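Once you scroll down, you'll see the structures, which are given as structure tokens.
Presented sequentially are two complexes of subunit A, the first with subunit B as partner and the second with subunit C.
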Partner chain A sequence: MTLLTDKPRDHVDPQSTVGAAPEESRAARLTSFEVSDFPVPNGREEEWRFTPVDRLGGVFADEGDDDREGDYAADYDVSGVMDVIAQTALAPGQAPRGTVLVPGDRGAVVASKHTTEALHLKLEAEKEYAEPLRVNVHGNGAGRLSSAHYVVEAGHHSKALLILDHTGSADHRGNLEVIVGDGAELTVVSLQRWDDDAVHLGQHDAQVGRDATYKHIAVSLGGSIVRVNANVNYQGPGGDATLLGVYFADAGQHLEHRSFVDHNEPHTNSLVTYKGALQGDGAHTVWVGDVLIRKEAEGIDTYELNRNLVLTDGARADSVPNLEIETGEIAGAGHASSTGRFDDEQLFYLMSRGIDETNARRLVVRGFFADIIAKIGVPEVVDTLMAAIEEELAADMGASA
Partner chain B sequence: MSTNIEELNPGLKDLGTYEYGWADSDAAGSSAKRGLNEDVVRDISERKSEPAWMLEQRVKALKLFDKKPMPTWGSDLTDIDFQNIKYFVRSTEKQATTWDELPDDIKNTYDRLGIPEAEKQRLIAGVAAQYESEVVYHQIREDLEEKGVLFLDTDTALREHEDLFREYFGSVIPSGDNKFAALNTSVWSGGSFVYVPPGVHVDIPLQAYFRINTENMGQFERTLIIADEGSSVHYVEGCTAPIYQTDSLHSAVVEIIVKKNARVRYTTIQNWSNNVYNLVTKRATCAEGATMEWIDGNIGSKVTMKYPAVFLLGEHSKGETLSVAFAGEGQHQDAGSKMVHAAPNTSSTIVSKSVARGGGRTSYRGLVQVLEGAKNSRSSVVCDALLVDQISRSDTYPYNDIREDDVQMAHEATVSKVSEDQLFYLMSRGMSETEAMAMIVRGFVEPIARELPMEYALELNRLIELQMEGAVG
Partner chain C sequence: MTTLEIRDLHVSVETDTGAKEILRGVDLTINSGETHAIMGPNGSGKSTLAYAIAGHPKYTVTGGTITLDGEDVLEMAVDERAKAGLFLAMQYPVEVPGVTVSNFLRTAKTSIDGEAPKLRTWVKDMKGAMEALRMDSHFAERNVNEGFSGGEKKRHEILQMELLQPQIAVLDETDSGLDVDALKVVAEGVNRVKENTGLGVMLITHYTRILRYIQPDHVHVFVAGKVAESGGPELANRLEDEGYDRYVQAAAV
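Right, the complex of A and B next:
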């Protein structure tokens, strides 16, 4: 039985006319390698309206890295890649660099231009990498410009875990370009454990092959301003993408996560889940999740979820899930977003069972993060994360005690 | 058992097309001037013998309109030609208080729309009928008038209650609010003015009916509702227009002031023909303990951009929007709601249901804003969209802006297609596919339909059937 009977006759799409018309869909947004296409944002742009651009200053500069004699702006330590078949440097425009990631904003375009040598990790087909591949980025000073671009190419039916760990301080802009081969299984973890004065803008784009599985996990704990955009599209049917995020914002910290899943192929799935906690005056988190289901992409299953837990006064959480669907042949689509404070009833319940308030609060926060932590499934990351959350909470308890 | 929906509903076979698409003879409209400039604005004001301050406001608003950019979000509005539109069409010289006083054409139109019949049966407490730019018929139940309830067209209100009018006009939606609010402020004409004195409850709805007859008409009614302390009122409006080759514009401004512990419900069933741009600004302010409810049905029009808003300014005030939208071929319904929490212990609810078919596009666009100091506010947003075929489109763009920690906020949206299981089940019980589809869609919008006054719920159901005609076959 078919549901489609009335063909689009001579229907003229009102969106097809030119002029000051709104962009037809999220996919129509500008991407380019030209720095001049992305002027320095002033904060009034839709893309930047939540970001404190006045505090970003230097990171938008169309300048190379602040490397000094024997003292680089950032050190890169690459390990666990002995078995990688290629570990070479790619110049701008040298394929596969630029095939998946085309810069979508000012941060990404300057990162792209000023990374003359992109790290290229090519993973062998049909090989399972037992040890995680690691890239440790350590910034050597606040305000020092550093740029990075990584290209990860997972061969068909390979299986691997890549951990990108950011520590220290810098004005960092980093692009990550991921090609997940057919049937491959790749997990990418991006840890933002910066010092308090670091700035980090990142664009992480992935193309998911036929029947491939891609998981992107963003964990943002440190830094003054962190903005990581994780985007996905598909190269064939059967692809599966999971974008996860956990963040914990303290006083004065701005943590922003954006994602865009472009269902451009039929029978592809996506699950986007971001959870965050906020405490302290001026703590600000932003989550913008865009999902587009194109006309030709039938049989899509997608769900987006964002939950924010506000622990103290003066914090602000922005949450914007956008869903664009151009076909009725979908398996399921939805999104949910909620922002709330401590549930007094939960606290009361725990305390009535003899648990003191400090521990009760700790339990509630742990419970809040429990399901996403279960989804992450990378023990090393889970341990780091739990330790960090405990530490944040301890600081809070100390302050309130 | 009959499997044919037409046999079950003998009248239905005529319903394949837009039912309100006829046009009356149009002497007033054909002689009306096109285009917009200061002279047009001055002319409107002069013909209404308005006070100088009103003219001043209009001229100022026109300048704002010229300055404001077209919105670059939402629907494509590039085809609107502001210089081809007729800004003021006077269809009759005198406002009538009985239907028989109206010119035959206009009376017949309202007869066909069924308005006098509803009034006769006392289903409504008062009627205003606006034809082109001005209200042509007006009546209110005597007992309400005695209690001091004002239900007038806005032009008369300005003449007869200038002080009250001036106090509230533009107080909720300033003329510079957006490009179309500025346009409305400069060329407004007609609309309803409602004032309910303290403690008075208007128990059955007041009703307004808006009709565009002239081609390339711009209708810019201005509605102002003031519910004084502890009062309540329900206002209902309906809209239709003939089908023409070129487009008309409807750009209303509706301002509602809900005072302490008062309650206002505003119901719209918009069924403009598919060549009307419907760009409307609607907003209410709620004082302490007040409740504002928007029930917003968008079925007709070519493009609708409408986001009824509630500004919750007093403690324990409450805002609610129920929104239902249908988009068929060539239609874009960009609708939603806006809730601004500016006081502690306020709550808001938005429920949106939309159905897209035949290549139509529905968008939910909403904003929930919790300002600093609005402690212990609660908001819940639920959007459901139903897609009936592969060529239609549904988008959801909610914005949440929370600046206070002591808040519960939830948003949820689902988009689904009509399930083949449901269809199969109904068809196995002897229903045709059309019937089954219409039944599923009716079930989908039922939570909103049951909030409507009886005759509007019936109308909505009939419109759904009409919309679903040709959806399957």
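Right, the complex of A and C next:
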């Protein structure tokens, strides 16, 4: 494996750095439970510079949910997790809530403050959950403020799959706090299948225990603006984290994924892979992948990759890998990022074999996602995803022909 | 019996300095069962002819006609040309990441035939064709042209030709980059398809060595965007001895 030292400033659009002070280290970024520590962003901040904050409307508001008599801003179907819901919900500051996730931006801090009762899921130690655990979140109206915070505690050597499925519309801010016990295997899937007018900010933080395996899969297809941050650190050596993302942005849609892997323990592994397709005017995707290898994190192995396939003119993909290395004693560290246009030579090749344009495009796009779909390995999610991609492509065909 | 007829074909390509004419009045007629070798020096427009027949968008036909049994090929989209019975074995086949050879072949076969091939016979046909081309069975699970060696790419092109069963095939420098063993395997494949289906072949090549394995009925010397001379197999022998100099000089006058 190759060692790539990073030059984080290389990818930065000079105009967008105006007003942003360079950070000393990713580790130095502010986290806090105080709303006043995070003013409403104006878009010039380092971590908001790609996001159309002017279109975010009320999602940053320091206000409670827009619930009305018998009509909540969002409905939560927790029937899929009844077996693992703890007796009491967790108030802000009530451990384990707040032990792993400390808000890192305005969206997360208001979500934290205004979720007075966090859903607490406790997975029994040494138990394998055969069926996926499901929480379905359904927003009941565009622009209605809704806040969520989930605390997932996977007991040591437990094994489970949790699916968070977002549909409908809302101005949603959701925090997910995950504690993966020693030797546990936990997969969390976050599906963003919102309606076109939804806004969603999410901070998903996990702490991976000794010899534990954690997989976070973000699938973003719907919504007007979606920004999901998946962060990981380790509680002991031997932990393994895989952060995957698949996204498909249409005209006017902004889909943003950020990840931060904090290698704070020796002999830990991480693999970050995000792949996305874009089509239509104003489709915008952002991937920012931060990896920090601390001095004490000897013998770690990390690789992060982002690939974007731009299907039409007028779409834009930003891709920024940042690798910060404080020790030379590592097994491997690398990153790769690329954004390519749809290849007309591929199209010609396939069509010259009798395959019509629609099917040729389909083949290429499916092929583009094939490797990450194989990595996801959750049949239910893969089926949903493939169906959604087919739908996106079908919608595209009319427009691009 | 199928006939591909090219009449007074003019083709240009867009360059930084404007349109440049590459083909300057090509006349050729290829019937089923016939093999025509198109031979010429680099830059004479051989590959442009191949791409123009297949309908590559980079090349603009500015004059002349291409017909297949009287049907206007130039009016057809790229995939329609394939469905009509034309096939181009490419000099530089393109990688398609994430799409397996098996998926690609089945999709192409379904498109050409207008219905999915019967599973059992299809698997048998594919295996048989791959074996005949000395291709490992794992090959079907690899992604199209990804990481293929030069020889593997060319065999894969011939495999497609064998399975898709076109009427007329254009082989664009299929011999380039092949060692003699690979060349023999590929040539065997072409001869097999010719025998089985009565394929008409336009064999584009720079060198005569592939003609030792695929016997041409007609040889055309291609210089400066058109056919400079046509003859029988003996013309290839003369080119072998004398090279293209005579034609190039004549064209330059």
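In this text, the second predicted complex is superposed on the first by the 372 of 401 C-alpha atoms of A that agree within 3 Å, B and C clash if a C-alpha of one lies under 4 Å from a C-alpha of the other, contacts with A are read in each partner's own complex, and residues count from 1 in each chain.
The working rule: a residue touches a chain if its C-beta (ideal position, glycine included) is under 8 Å from a C-beta of that chain, and two chains touch if they have at least 3 such contacts.
None of these values were measured; they are calculated from a predicted model.
S.K.: For A:325, decide between first (touching subunit B), second (touching subunit C), both and neither.
M.R.: It touches subunit B, and subunit C stays clear.
S.K.: Going by the contact rule set out at the top, does A:344 touch subunit B (first), subunit C (second), both, or neither?
M.R.: second
S.K.: Have a look at where A:295 lands relative to subunit B and subunit C in the superposition and call it first, second, both or neither.
M.R.: A:295: touches subunit B, not subunit C.
S.K.: Go through the superposed model and pick first if A:366 touches only subunit B, second if only subunit C, both, or neither.
M.R.: In the superposition, A:366 touches subunit C alone.
S.K.: Is A:356 contacted by the first partner subunit B, the second partner subunit C, both or neither?
M.R.: A:356 sits against subunit C, while subunit B stays out of touch.
S.K.: When the two structures are laid over each other on chain A, which of subunit B and subunit C touches more residues of subunit A?
M.R.: B
S.K.: Touching A:89 in the superposition: subunit B (first), subunit C (second), both, neither?
M.R.: In the superposition, A:89 touches no partner, neither subunit B nor subunit C.
S.K.: Can A:271 be said to touch subunit B (first), subunit C (second), both, or neither?
M.R.: neither
S.K.: In the complex, go through subunit A and note every residue touching subunit C.
M.R.: Against subunit C, the touching part of subunit A is residues 343-346, 348-357, 359-360, 363-364, 366-371.
S.K.: Across the complex, what residues on subunit B touch subunit A?
M.R.: 69-79, 302-303, 329-330, 332, 356, 358-359, 385, 387-418, 420, 423-424, 470-473
S.K.: Can you name the residues of subunit A that touch subunit B in the complex?
M.R.: 1, 3-9, 11-12, 14-15, 17-22, 46, 278, 295, 298, 308, 310-330, 332-341
S.K.: Going by the contact rule at the top, pick out the subunit C residues touching subunit A in the complex.
M.R.: 54-57, 77-79, 81-83, 87-88, 90, 93-99, 103-104, 107-108, 111-112, 143, 160, 164
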